Each structure stands twice: as C-alpha cells, then as structure tokens.
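Across the two complexes that follow, subunit A remains constant while its partner is subunit B and subsequently subunit C.
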Partner chain A sequence: MAEITLEGLRFRYPDNPMDTLEALDLRIASGEAHALLGGSGAGKTTLLNLLSGLQTPTSGCIRFDGRDVTALAPRQRKVAQVFQFPVLYESLSVAAMLAVPLRNHGWSRRDAARRAAEIAARLDLAPLLNARSGDLSLYQKQLVAIGRALVRPDISLVLLDEPLTAVAPAIKWQLRRVLKTAQAELGATMIYVTHDQTEALTFAERISVLHAGRVLQTADPETLYEAPSHEQVAHFIGSPGMNLVPGEITAGRLWLAGHPLGGAPGLTDGACTIGFRPEWARVSAAPAVSPAAAGTSIGGVPVTVDAVRVLGTRLQQPEGLVGIRVGTTHVYTRQPIDVAPGCPGMLHVRPERLLVFRDGARVA
Partner chain B sequence: MSGRRYDNRAWLGVLPVLLIVAFSAVIPLMTVVNYSVQDIFDMSTRVFVGFDWYRDTLRDPRFIDALLRQIGFSLLVLSVELPLGILVARSLPRASPRTGLLLVLIAIPLLVPWNVVGTIWQLFARPDIGALGAAVNALGIPFNYTAEPLHAWIVLLMMDVWHWTSLVALLAYSGLASIQNLYYQAAELDGAGRWQTFRLVELPRLKAVLMIAVLLRLMDSFMIYTEPFVLTGGGPGDSTTFLSQHLTTMAVGQFDLGPAAAFSVLYFLVILLLCWLFYTAVMRDRDGADVDAN
Partner chain C sequence: MLELHDIDLGAGPFDHAFPGGAITVVLGRNRSGKTHLCRLVAGLVSPGQGTVRLDGTDISSWSPGRRSVAMVYQSFVNYPNLSVYDNLAAPMRARRRGGGIRARIAGRGDARMDIRVRELADRLGLTPYLARLPSELSGGQQQRLAIGRALAKQARVLVLDEPLVNLDYKLREALEQQLRELLLSTGVTVIYTSSDPRDAFSLGDEVLLLDRRQPVQHGTPLAVYQHPDSLAAADLMSDPGINRFVEDDIHCAVRPEHLSLAADPERPQRRFEVAALDVETNGSETYLHADYLGHPWIARLVGLARVRSGQAVTLYAPADAVLRFPGSADG
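And now, the complex of A and B:
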C-alpha cells in the first residue's frame, strides 16, 4: 500500500473553456480509507480516472509513495478498481476470477489459488469459490469484484466508484461492513467515491468534499460536520443540511433579522451568512423561556413556525424537526415538538456553535 | 365436467394455416418421399421399390464424394470466416461518426445477388483477362482455376469469404457493441493483455451471436449452389461438385426422379439434423443465460 500525493492536479477537456478539475492538492496516508464526496458534475469520476490512469492530467502530478506515476499506464500503476455494478468475467469460476490479476502478474497457479482462497475467506466467499457468476446474487457478485481488487498484495491503491449503487438497500450496510473490515485488516489505501454522505461518513477516516472541480475541504467526519470550512460543505453534509441565513455584523455583534444572536469578535462590520445545525437551535413558543434555562443566546429571534415533523419520541415527548421562517429564509431545528405550525415562536441558538461565512468561506 | 364446454370448432380457425402449410411444405415434401420409393419409367409406368434408392444413394461413390467435399467446404468456410469476421468487427471504431458508413460499406457484398457474385469472381479470377488470375500469372505463378482443382477451391473459398464474412462481422460487431467500456477498463487494471481481454471479456459476450453466425454460415454453405455453378460449374472434373449441384444433375439433367428424390430426403435429413444440433446447443446456452439473470 502506498501514500498517495496529488500536486496541483488539473484536468481540462480539450474543447472545454473550464477546468473539470482545478489545481488539486491532496495527501492520502498509506492504509487510509478516504472518501471523495460530491454531487454529479463535481469531478469525482474524472479524479478517479486520473488516479487509475485512464485519463491523463492536463498538468500537475500524482505520486505513489513519492514516485511520480503520472505518465504510467493503468496496468503499470498497481491500482485496482471496483465499479458501480459488479464487473466480472462471466465465463470463469469465482476462484479463477480472483486469480486473474495475480496470474497476469506472474504468480504461479498454486500461489494464485492459495491467495485467492485467502481473500475469499476474508470476504465470506469461501463456500462460493467454485460458483460461476450466474449462480451469485448481486451482493455476492460485488463482493467478488471487491475481492478481485484486493487480491494483489502489492497493490498501491484501491478505487471504489459508488460500489453500493447496485446492491439492495437492505444489505448495503452489510457490504459496507465487510468492505470496512477488509480494508482495516489488509491496511489497504482506499479511495471511495460517492454522492451519499452517509456512506462517506461511515466508511472513511477522512473525507474530501468535491464541488465544481475543487476540493472544498478535507477532514475527518466530525470536523466536516461541526466545522465545515465552506457553505457548500455545510449545506451538503447533514440531513437536513446546516441552516444558512443572511446575517449582519455590527460593532462586534452578530445580528439575525435585526436581533442580536451573539458576539463576533475580530470580524469587520458588514453582511455575512450565519450557519447553525438544526440540533444547535431551539424554538420555543412565545413568550420566550428564560435564556438561562435554555442555555442559549440572550433574547432570541421572533419567528413563525411553518411545519413540524415528528421523527420519534424521547421520555414520551415527541421529538423531530421544526421548520420555521426567519424573515424570508426557512430553517430547521431539531428539538422536542412543543410548538404548533402557525404559531409565533422565539429562536435561540447556542452562541458557541454559531458559524459565520463570508463569500462562501467560514470566517468564524 | 366443470361446466366448461369442449367442442372442435377451434379446428376451423386453424384450418387456413394448416392448408397453407400443407401446400407449401407437407405436400411437396411428401411428393418427394413418394418418388423416392418408386422407380418411375414414364408418367403411367411406375414400380414400388422400397428403400432401394436410399441404399443405392448411400453406396454411390459420387454421393459420398460430394458429401465429403461439402463437409470440407463448409468447415473451411467457417474456419476462415469466423475469425476473420471477429477481426473485422474488432477493428471497427465504436460509436464514431464513421461507424455507420463503414457498416454499410462492409455489408455491400451481402446485397449482391448470388449469381452476380459468381459472375464477378468468374471474371475476376480468369487466368487470361481476370484482374486476379492475370496478375497471379504475371507474377510467374501458374494459375488456372478452370483446370486445377486446388486453384478452383481457392477461388471458391475466396469468393465465399468475400461474400459472407461481412455477415459474421456485422453479427460480431453487434455483440461487441453491447459490451460496456467498464469491462475493458477492469481488464486493463487487472493487467490483462489483448488476448486475455478477448478471451475473458469479449468472447463470452460474443458466444450467442457467434452461435447464430455458425448456424447461418453452416446451413448456407451446406446448401450452396448458385455461386459454384456460375464460377466452376462443378469442375474441373467433379472437384467442386457439392451436394446440391450433384442433386440437380441427377434430377434435372438425367431425370432420375427416384434416386434424386431419395437423395433429396437424405440431404434434407442431414440439414435437419444440423439445425437440431445447433438449436439444442443454443437453447441450452439460453437456459444458462436465464440462470445468470436470476
């Protein structure tokens, strides 16, 4: 397994005025499970193809353990890939299929068979070694594809392109668990491409959020969730995403719709965007509860409750999402449902949790 | 009885189809079968001879020679046209604006009437004025397909390859076009070479269409008549006389209706047998594919 370094990696299609990928710098440690998270058109597939060598970058370089591999063909890079749906050699048995990458790289028949059996055992495929792809379920097929990617011990990097897409939702978690276990046991450097934040947040040690050809932020799941460096990241991560409302900074204080929310030391006056997660805020029926009791900011912001959605109960008290309107913006809070739609209420946000964005980037 | 009424009126509905099939297939075939068990002297004088004609035909060295030649020709045709067709299909660009044009160009030989194909090659290969024949002779290699059996076979094979390879190529192309690019990428990342990519990725996907190609080419070449008739007339000697030409000589040339009928029935049975073999093979494969889909 290798440490992967991208230096100023840029890609542009010949007839396109815009970069598909803009100068990208990224370091992925050896043995790391890394996720690339982004919507469609973010450049995920392009980055994947650059890593596997199917496409060549316009500029910049890719290093595996410090060795520049930018000019190498896919087969010389020691990269394996798992695709969105299982790509198998239908005429072969599972054992033969797992042995193909080894046999192609000079392994003897006996050694290849032993290593294939070893990988199959690790992926719970041992009873299926003699089966053909026609006898396998979609889940098992994708497992075989994963096995084929992991079978070479000298592989530098395993790429996973939305590998759970084809699998039934009920067993996605199962495949993810097997994959995660195998990754940890083999110490494989993996790059997992997905548009599904749950997959990314549960699989990866670190996540790079890709948007419009740029990496907005690379961080561990907690940091991405609690301290997104960019509005796009804040909005993309979480369900629902972070609330982003237009605000104002005047004289070192943060104002929302004309009401003070908290302090904003060290920031110049002017417009900004205020961000807070639904669970960092609470709406109470007017008149406001005392700030001391709620543990939130002084005063509160008067809002109208639009809708409530119960997601469960806690201590026999219904809990869920409350949709409210602040000025013209809709935001959500996650809290006990003790307000009703149409009612006026007071919004409190835990001041230490308030995030401030300017020009899309977080400043506080 | 469960209250459902049964009657035979449904047969009335099937009657037109039965009549058409009777006139188009059953009656002519039965006529031939009828001829094959009689010795016919003239329209009113005929003698029932049982299976004599069949016995004679199966012992006739000319029939056996024609059958062996036929089998040899069909196998030769298949062994050249299948690999060549796959090669042509593989070298065609995928999803390029030129592909459509190329496919049409490739298909042109398929549109040429069979006797025209024979005429084209008859002229092309003539040792005196034909572009091919004259050129080979000019190179100092004596070539005369009208006198040399080997030369006649070479020209015949070239003609059939020219005429029918495009069919295999088109079928193979349709099979190749259905393979997603991901499979090639996966093979590339697995370090597969060209031969391995062909064996592991392309060949399994081509199996079904190649089966059809083999079936079509085998049947067609087994029944070949027009082109060799125009090109060589079965000669030199009997060296390019295949089954159908031998049959025509017997039935039309010599008016040996009884032996010709027995011959026809045997010929028909051989082709039926080949069809059945292939149908079984294809269907078994199809069953396998159904299991695959589950």
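And now, the complex of A and C:
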C-alpha cells in the first residue's frame, strides 16, 4: 500500500469567499491506520472526495508513494472505499461479490475465487461464502463491503466513511476489531472518517482533528487526550469534553474567578482560557480539605454545585459527574458523589494538569 | 399520581404507580414493552384488561384527546410548515378551539398565549429561533421544540419515548443535562423510556425496569443499581452489560466499572484471569472486551488503557462487588 502525502491541499467552491479546506499538509505512512475526526461541516467529506478523486483541489497536491496523483481519475488512483451503509448486489453470493473488483480488473475466475476466499477467511466470512448477500445481517453485509475494498492486492489506499454507522452499538467493537486485525495483517493504509471520538481513538494509530476546514492537530490518542493543541480538540476528545473556563494571568500566576490556581511561568499577563479534564479536578464540600491531603492546587476556588450525576459506585460509594458553576461557566468534575446540588464547594485542580489556551491555541 | 392496575403488556398482569410530579425512567431493551406502555398511558391502544387511573380518576376508556397526557416520540414530530412560534402555539390554539365559545373570545387570550409561548421558548433556549421553520433548526433544537409542544399542551402527564435516541453524541450529552431541570420545573408527572441506564441516573427520581414485557424491579436508581433483585435487573442497570459467571452453581455477576487492572491492596480482592479481545476508548474511559471462561466480559477502565488483543490479563474486583443470585436461573 502507499504512503499518502498531502501538500498545501486547498479546496474552495466557486463563488465561495471562504476555503472549505484550508492549505493542508499531512503525511500518512504506508500501512498506517489514520482517522479524520470532526463534526459536521468540518471538511471531512471534502477531504475524502479529494483523496478519492471525485473532487479536484483548488491548489496543492496529493502524492501516493511520492507520485503526484492530483490529476488522476478515481479509477487510476486505486483507492477503495467503504461507505456508511453497505452497497451490495443482493442477488450475488458473498464469494461472487468479493470477486467482482478482481474480475473487473481482468483476473481469471479461478484466481479471483482463490483471492476472495483468502480475504473472506481474514474477515471471518468463510462460512458465509455461499450465502446470498441479500440474506446477510447488516453487520455481515458491511463486512463484505470491507472485504470488497481489501480484495485487490494492488490497492493504494482504503477510505472508510463512518463504516460502523449501520451496525448496532453493542457489536460495533466486533466489526472494528475484525477491520483492525485485517488492516494490520494486510498492512493496508486506511483513512477512517468519523465524527465519533471513540471510533477514532480506538481504530487509529494517529488521528487528525478537523475543524472548520483546518487540521488542528495530528497525534496519537494519548497526546490528543492529555495535550490537545486547540480548545476545539480539547472539547471534542473525552466524554464529557475538557472544561474550558475564562482565566487570567497576573505576575506569573494563573487565576480563576479571582483565585490563584497555580503558576504560569513565562506567560505574559492577560486573559486566557484554562483547560482541565473532569477527572483532573475535584470538588469538596466547603470548607476545603487541606490541599496537601488532596494533592491539588493551593487554596481552591469557591464554587456552587449545580447538579450531580451518578454513573455507578466505586468502593460502595456513588461516583460520577459533579456539575458546578464557576462564574458563568459550567464545569464538570469526575469524582465520588459526596456533595449535593445547591451546596457551596471548593474546586481543586491538579496543578500539573492545568492547560492554558490563548486565541484557541494552547500556550502551556 | 398515575396508577396502572392489572395491566398486561403480554406477559401477565401487574400493578404500578408512577409518583406525581416526579420523573420515572422506564428502562428496557428493544421489544421489552416500553413503547406499548407509553401508548397505553396515552390512550393510543386499549389496555384490554385492567385500569389506568390519573389522580384517582379512571381514564381507561378515555380517548387520547380527552386525557391529560402529552407524548414525545423518538423522531421529532413538528409541523414542518409552521414557524417555531406557531408550533408552540398550536397546542394552545387547539385547546381553545376545543374549549368552546368562551375560550374563543379574542384579545386577552391571545396576549396570554403570547406570553406563554415566549416563556416556553425561553426555557427551551429557542427564543432566537421563533421565526424559523423546524427544518432550519439543528437536531437538538428540533427535539427541544417537540418537547416544548408537548409541554404547551399543559397536560398532567408527559410521556417521552426514547426522545434522544436519534441525536448525535455531543448533542445528546448537552441536552441530557438541561432536560431534568426543564421537566421538573413543569411539575408534571413524567414517564421517560430509555435503554440506557445512564438516563435513569441523570434524569430519574424513580426507575422502572421492564424485561420481556414485565416489570422486574422499581425504586430509586441508586437503590436498584446497588441491590438488584435478579440478574435481569442487574443487567438492565449496567452500562455496558453485566459480566456473568457461575460459581458453586450460583449465578454471579460483576459490574464493568468494578473491574480494574490493578488490585486495591487495602481491600479483599477477587481475581479473574481473562483473555483480552479488544479495547475501545473515548479518552476518559476504556472498555476492555475480554473472554472469561467462555463468557463475554467488558471492563470499564478509567483513562486510556492499551491492551493487546489475545493478551492474558488479570482483572481485579473488590470481593464485595460480586453480585450473587441464588436461584436465579437466567437473565
């Protein structure tokens, strides 16, 4: 499979004053499982169409293994695609269905059948080779669609557009697992497009987070989670997303609602946004527990508890999300439910976990 | 209070009382009888046997229009050709038409209605969109409008049949948080069906578990979670499903969130040697899918955990977190 390089790739619809996709540089290694993560309107579909050749970029270039394919037609690029819903010839058997792309490219009946059986075995489809496509469950149909995308050994790239949409939530992981195993074994370069953070973080080695036509960050799951480069990434990753509250830097210290949270060495004075994940913070009923005991920031910030949401118990004690108001901003902490709505509390954030954003981008 | 007496959803008669002014989350899987129960309360199907009483009055034979019950469906049903304002006003206008000559006298009524529409829009966060058509709203706004139309009916009972199931994930998260406050502020009796136990915790004063067309347990969400009467009840209040095993011929279970990769040295622990199948993660939590003696298990781990497929893994749970169900044959 191919290494994919995007160089200054840009797309703008005629008569549109704004780029749908801003100059984009990205390198995806041969055999990499890559995800494009973003909400609706982020530019995912446009990027997908540029890669498959359905749309032509306004400027910039796409290379497969160093070779410029920007001007090539979809068919010449050898890109296979899997869509949200399986598109199959319902009357064909699974074996025949898997052989279609090979037969279309001049393979003999015998060779095509052998290769189809090989792919079917990799996808746990072997027992279904003689079944009629129309009789399969949605899960099995989507598996056949994936098989069809993988069956040609000369394919450069596999594009997957929300491929688990049609599958029941409880068994999505099984389909993803089969897909991931096949991807690794075949060394396939795959680009997986989704709005679902779990899909992206689970499937991919590296994820590009797309927002408003820009790739904000490309990184592995741990980095996106712990060190997001932008507020949008911080919000998108995690459930619930990262807390983002207006803060202030004065004389090298970080302040939240008039209370010191920790040090901010090397940052100029002025307004900023403070980011921390619900699991990095804790609210205790006022008066505060001693900061030494909690291992958290000095003093704490007085807050009012808005709501609590039990998610289960740990050590026989309810735990879950505590919703609080800091100024006018809603914030969540993930912790034991030992505070009640309406009560005053003290918010502590682990100081080593505090992130600082300015103009949407992380500065510390 | 809404009382069901001798009602049958297809698996034998039962009684249940929904407390007035509170939210009851009816939790069950597909085809557990949730929708049937909703339709029965709304009067869209006849109970066949038994009675439905609303604040002491038998309404079993009343038509849906005569009952003080409003319903919200999975798919957001709004009038596509009416503005948000008129969608909210429509149920009030319909009431006045039904209310005879006196209610139809214009002037004061219109002004009152206008106040109510705007007040409702404000509570639903729809004020900036009053002039828009439903198709010009986001999915979350459309569903809020559908809920608003149900509230505009000023019914005493509000039935919501999996109202958030068609919304995307981040939207759902946002709406869930407002919904409890919104519903409680109206003072109506709410029946809210779902298949997600998180809804029971985030919305419910009470939870009623339905399994195979029959109630299996009810109570406060935490009580039902902590003291399930049966495997079925434990499983319904578990997200994802409960992990089962058999020990000394007794059916046992352990919740996904009670399993971890590290033992707690302070407390007696149970060890489970499992084969890892795969992990999925949203960053905050990782689901570890595993095989334990032929049972499919899921451990809900905090943070981002990396486990290789096929790897042998030891999972730990506090000994007192293992649920035991003597005499419980199946789930």
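Details
By definition in this document, the second predicted complex is superposed on the first by the 363 of 364 C-alpha atoms of A that agree within 3 Å, B and C clash if a C-alpha of one lies under 4 Å from a C-alpha of the other, contacts with A are read in each partner's own complex, and residues count from 1 in each chain.
What we mean here is this: contacts are C-beta pairs under 8 Å (C-beta built on N, C-alpha and C of every residue); 3 or more make two chains touch, one makes a residue touch a chain.
Quantities reported herein were computed from a predicted structural model and do not represent experimental measurements.
With both complexes brought onto subunit A, simultaneous placement of subunit B and subunit C is permitted, the two fitting side by side without a clash.
Once the two complexes are laid over each other on the shared chain, residue contacts for A:T333 go to neither subunit B nor subunit C.
By the touch criterion defined above, A:S208 reaches neither subunit B nor subunit C. Set side by side, subunit B and subunit C differ in how many residues of subunit A they touch, and the one touching more is C.
Once chain A of one complex is fitted onto chain A of the other, the partner contacts of A:Q217 are absent, as it touches neither subunit B nor subunit C. Using the contact criterion defined above for the overlaid structures, shared-chain residue A:Q232 touches neither subunit B nor subunit C, since it reaches no partner. In the superposition on chain A, A:V87 contacts subunit B only, with no contact to subunit C. Of the two partner chains placed by the overlay, neither subunit B nor subunit C lies in contact with A:T5.
Of the two partner chains placed by the overlay, only subunit B lies in contact with A:P101; subunit C stays clear of it. Closest CA pair between subunit B and subunit C after superposition: 18 Å apart. Residue ranges on subunit C touching subunit A, taken from their complex, read 168-170, 173, 177, 180-181, 198, 201-202, 221-222, 225-226, 240-241, 255, 257-258, 264, 267, 277-285, 287, 289, 302-304, 309, 318, 320. Residues 182-183, 185-186, 188-193, 196, 200-201, 203-205, 288-289, 291-292, 294 of subunit B are the ones that touch subunit A when the two sit in their complex. Within the complex formed with subunit C, the residues of subunit A that make contact are 39, 170, 173, 176-177, 180-181, 195-198, 201-202, 221-222, 224-225, 236-241, 277-279, 307, 309-316, 318, 320, 323, 334. Residue ranges of subunit A in contact with subunit B, taken from their complex: 52, 54, 74-75, 79-81, 83, 87, 89-92, 100-101, 104-105, 133-135, 148.
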